[in-house]
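This structure is in structure tokens; I'll ask about it shortly.
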Amino acid sequence: MSLSDRLTGVIPPLCTPLTPDGEVDTASLIRLVDHLTGAGVDGLFVLGSTSEAAFLTDRMRRTVTETVTAHVGGAVPVLAGAIDMTTPRVLDHARTALKAGADGIVATAPFYTRTHPAEIDRHFRLLAQETGAPVLAYDLPVAVHTKLSPDTVLALAADGVLAGIKDSSGDHDGLRQVIMARVPRFSVLTGSELLVDAALMMGADGVVPGFGNVDPAGYVRIVRYCAAGDWAAARAEQERLCSAFSIVHEGSPTRMGRGSAAIGAFKQALRLLGVIDHATTAEPQIPLSEAETDRVATHLTAAGLLR
Amino acid sequence: MSLSDRLTGVIPPLCTPLTPDGEVDTASLIRLVDHLTGAGVDGLFVLGSTSEAAFLTDRMRRTVTETVTAHVGGAVPVLAGAIDMTTPRVLDHARTALKAGADGIVATAPFYTRTHPAEIDRHFRLLAQETGAPVLAYDLPVAVHTKLSPDTVLALAADGVLAGIKDSSGDHDGLRQVIMARVPRFSVLTGSELLVDAALMMGADGVVPGFGNVDPAGYVRIVRYCAAGDWAAARAEQERLCSAFSIVHEGSPTRMGRGSAAIGAFKQALRLLGVIDHATTAEPQIPLSEAETDRVATHLTAAGLLR
Amino acid sequence: MSLSDRLTGVIPPLCTPLTPDGEVDTASLIRLVDHLTGAGVDGLFVLGSTSEAAFLTDRMRRTVTETVTAHVGGAVPVLAGAIDMTTPRVLDHARTALKAGADGIVATAPFYTRTHPAEIDRHFRLLAQETGAPVLAYDLPVAVHTKLSPDTVLALAADGVLAGIKDSSGDHDGLRQVIMARVPRFSVLTGSELLVDAALMMGADGVVPGFGNVDPAGYVRIVRYCAAGDWAAARAEQERLCSAFSIVHEGSPTRMGRGSAAIGAFKQALRLLGVIDHATTAEPQIPLSEAETDRVATHLTAAGLLR
Amino acid sequence: MSLSDRLTGVIPPLCTPLTPDGEVDTASLIRLVDHLTGAGVDGLFVLGSTSEAAFLTDRMRRTVTETVTAHVGGAVPVLAGAIDMTTPRVLDHARTALKAGADGIVATAPFYTRTHPAEIDRHFRLLAQETGAPVLAYDLPVAVHTKLSPDTVLALAADGVLAGIKDSSGDHDGLRQVIMARVPRFSVLTGSELLVDAALMMGADGVVPGFGNVDPAGYVRIVRYCAAGDWAAARAEQERLCSAFSIVHEGSPTRMGRGSAAIGAFKQALRLLGVIDHATTAEPQIPLSEAETDRVATHLTAAGLLR
């Protein structure tokens, strides 16, 4: 299993462009892939939370994976989320994604159900065993409402069950504990897109930044600065990205959820940058207003992304 | 839409019997239906949380609904859970269930995602509009991690969007508020199986008791006592059921999740009572041990259910 | 210890009237005591959450207890909250309250700290042992962020450590479990002021209703109806009180906390009823506006409390 | 008010040594002060969470502050926690601490009560106004159950209300936002003792490390390495401290709270190092067993702290 050797650097979780009637916009999706690979990213992650995987039907999910793997043609690894509640349902998604050409699977602990750590352990072991593919754990307590404990993750890593982890928990104590174990052939990726310099300084292998859809080049630069030991430059670049990231706060919290505001802003930004055709988000998410979209544009201009 | 007129009384959420290799055991499922209808229940609810809906693949879900509706033949209404993360995915399940003969759909607010109340409102309106079928809201914060506010529910009820609510939130202040609004053609069902006498006293229309799989006759008796104004008898019967319900605490919390312990106990009880053939639960749930199962049997004997 | 024999019926948690400059308004406090005992309540609870105990300095707390016990003169039992973070600090408050004439102490589990159930158990045992006075456990997870488990409570009750519990947890399954244990000389009091009929039907001994400051006679009536087995009358009276209780929602959630809104509304109501002189609440709570106060008055009129 | 100019570097939250009967052990406390200042720390913080402030009576709190300020004699600034539920009670503690010689006050948002952001804002403004002393906000959601939002903190900082923040929230996105605002005369201190290198790299002014009681020299070294731009050395020193910090996990979670385990381990370590005489912790905390204490010693030896 050579995937984990390659899982370093910037691996953005792709937005899923939609047509106005809610179908996958494959032409825009292909342009988004080119936008990212052209900036030098090291891998692609489809069907994650930023991809609105929770909102896509099975049919749409398959279309996304097939479109991306076909277009990428192996140039960079493609990871696919298999986001569902429990082992049997996750396995169905995982098999579909692997058949569609994904190089590895990203799965959370069970959710909706109340699961014991021993059952979470069993879940990941069954996923690895039944698929025979590289499996990355996705730690996203804001969605899953369970935190993967470092002990659970490291036991699975040591046994070769997991090829890596995408840590979007915000728990940097735990992230450090996982990094310090230095498990061979195990990739530690952070999903904390505002703290990439800090995570790389601690020894993380890479980053899965939602905002990397909008500014992939910025994240590629941070990784390069860190590799060169230029921490001041890394920090300055990260701070620039933090400021630009404010686009996610423009969608009003009195009208829409925080997920809708973030994904809506990413999609409006990609539309403004000419990468995708429509900023449509899936139901029942409420879209950004025109005024909110204008403020997204202002941020992009300030960050030097839009003229 | 005449369903809500009939949604009163005892409507148990059916366990889903599985074969040892994890497939739906349709013969046992049919015997379970007979066990419940024979005890005089007023409706059936398939594919809820007690049904392990979160663990069943799409194929298995369809089998369950088809098996039950075919066997029931309209004798009592059959509600089907459409348990998934967001509107587009819930709609897929809802359409399948309605095609398979379900009389109405039970759906939660979106989960996994972070949703605004306005988006929850939109979610239920889209479900009702797109399916044209009776939709019940399922309030289960322990799984969904959102509480449906009485204001949201009552607005949807007043507009005819919802045919009822299954309230498993444990928030009896909120339940009372919904009851006190006395919305016509709107069923208020409690999922609090240990507080049925109290809920009916407050004016609830019925109950969806997981433990009703094991002792449907007990719940039917409570409803009759309450209807007759014999609150002392209702309380005594409820207290007997509360004691018997202790079977859910036998699965050790050091080894398994609370959901696994409850569903494992229900299934072992149904097996001991001769209703289903196997107590198999879906992956990655950890099953009850032999000693734990023996203690389940002891409770059933004490409750007069097993000789 | 004869206190628990008398701890039944209606035991309101007294508001603490304040002067405009934030001192205890003892004249108003005495009128409030008369308002309550005149309506036939069975006991008084000072320095609880509704009393703004969390906001009162030690000096003010002592004034409250001394004023109330001196005025009541043993006519009904007076319980005093000893609200603080841990055993040594709670003990200081408990000793002061007992010296000031309180008949028993009400204490929560430790808060601010992260405490193990064994430490909670030890906490209550030390309180009972060191004070030699009746101790009631106060279960208020919304403030304490720990739920007292029925097992912990029942073990302490069986050992004679606790004289009772004030259950404001909203967990009616747990309340029922505690009631069903039928521990002698142990009072089960509910703090759920909107569900008194249901709690009494299940067998609770009494109620500690914050809204009982405003309408003590209503709660006294519910208790009488329940004792007489007239559940329909109890429910009707409870529903009337639920409607009147809406005063707590008038303080805007965009401007103030839910506690400030509730206590502010109780105090404005008491002022409008002529019981206390000022509706002042303690810092840093934000007071109700004039328009919000007008709507409080409207509710009171609708409930037949204000002409 | 020049305090904030000096609030940089290492400012440990002092443990409070206790005699076996639970009184403040002032001789040990003085030795602890010497242990810390001898290692070159930049300030001292008494009566924080690590100090068991939540467990100390008012009398004991005063003894602590007086003992430390008298012994330090102004050599380094001494901050004092004023830990209580609301403004009036916090003000009482603040006045006592300032009278006892503290250079500044550290206060949390209100707790136990449910407070609105506008009330939190009001709370800190009243504290600053009434005391006239430097006030630092203490962000500790694990205890307070409210997160101080960066927007709230920055508004108070910009208005000169706050002299700084001790951020123990674990929210490094928020920490970064506060740092990036670069408010003059406002100290940003992290309480995340396992991430000091990362926090300093991002621009934090200093650290308040509980484990700094045990190994103050280690934290002083990290600060020096970071100031010199030697991030590799800083990271290596931090990783050594992370390993040694494992002492906090030796107290069994089946027997005691996580706070008790951490503070018990710190105190056992200080006793083993000969700094304090007794490892006594306050009631109702459960102490470490002998076997657990032996494992604490093993960690200390491995970290080169104990021979």
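By written order: A, B, C and D. Residues from 1 in each chain.
One rule holds for everything that comes next: contacts are C-beta pairs under 8 Å (C-beta built on N, C-alpha and C of every residue); 3 or more make two chains touch, one makes a residue touch a chain.
Just so you know, these numbers come straight off a predicted model, no measurement behind them.
Student: So which chains count as neighbours of both chain A and chain B?
Tutor: In this structure, no chain contacts chain B and also chain A.
Student: If each hop has to land on a touching chain, what is the smallest number of hops from chain B to chain D?
Tutor: The least step count works out to 2.
Student: When the centre of a chain is set as the mean of its C-alpha atoms, what distance in Å lies between chain C and chain D?
Tutor: 35
Student: Where the centres are mean C-alpha positions, what is the separation of chain A from chain C, in Å?
Tutor: 49
Student: Could you check chain D for residues that touch two or more other chains and list them?
Tutor: Nothing qualifies.
Student: Touching pairs of chains, which are they?
Tutor: Those chain pairs satisfying the definition are A-B, A-D, B-C, C-D.
Student: For chain C, which residues are in contact with chain B within the complex?
Tutor: Touch residues, chain C against chain B: 170-173, 176-177, 180, 192, 194-195, 197-198, 201-203, 229, 231, 235, 239, 242-243.
Student: Can you list the residues on chain A that touch chain B in the complex?
Tutor: 22, 49, 54-58, 60, 83, 85-89, 92, 110-116, 118-120, 122-123, 126, 142-145, 253, 255-260, 282-286
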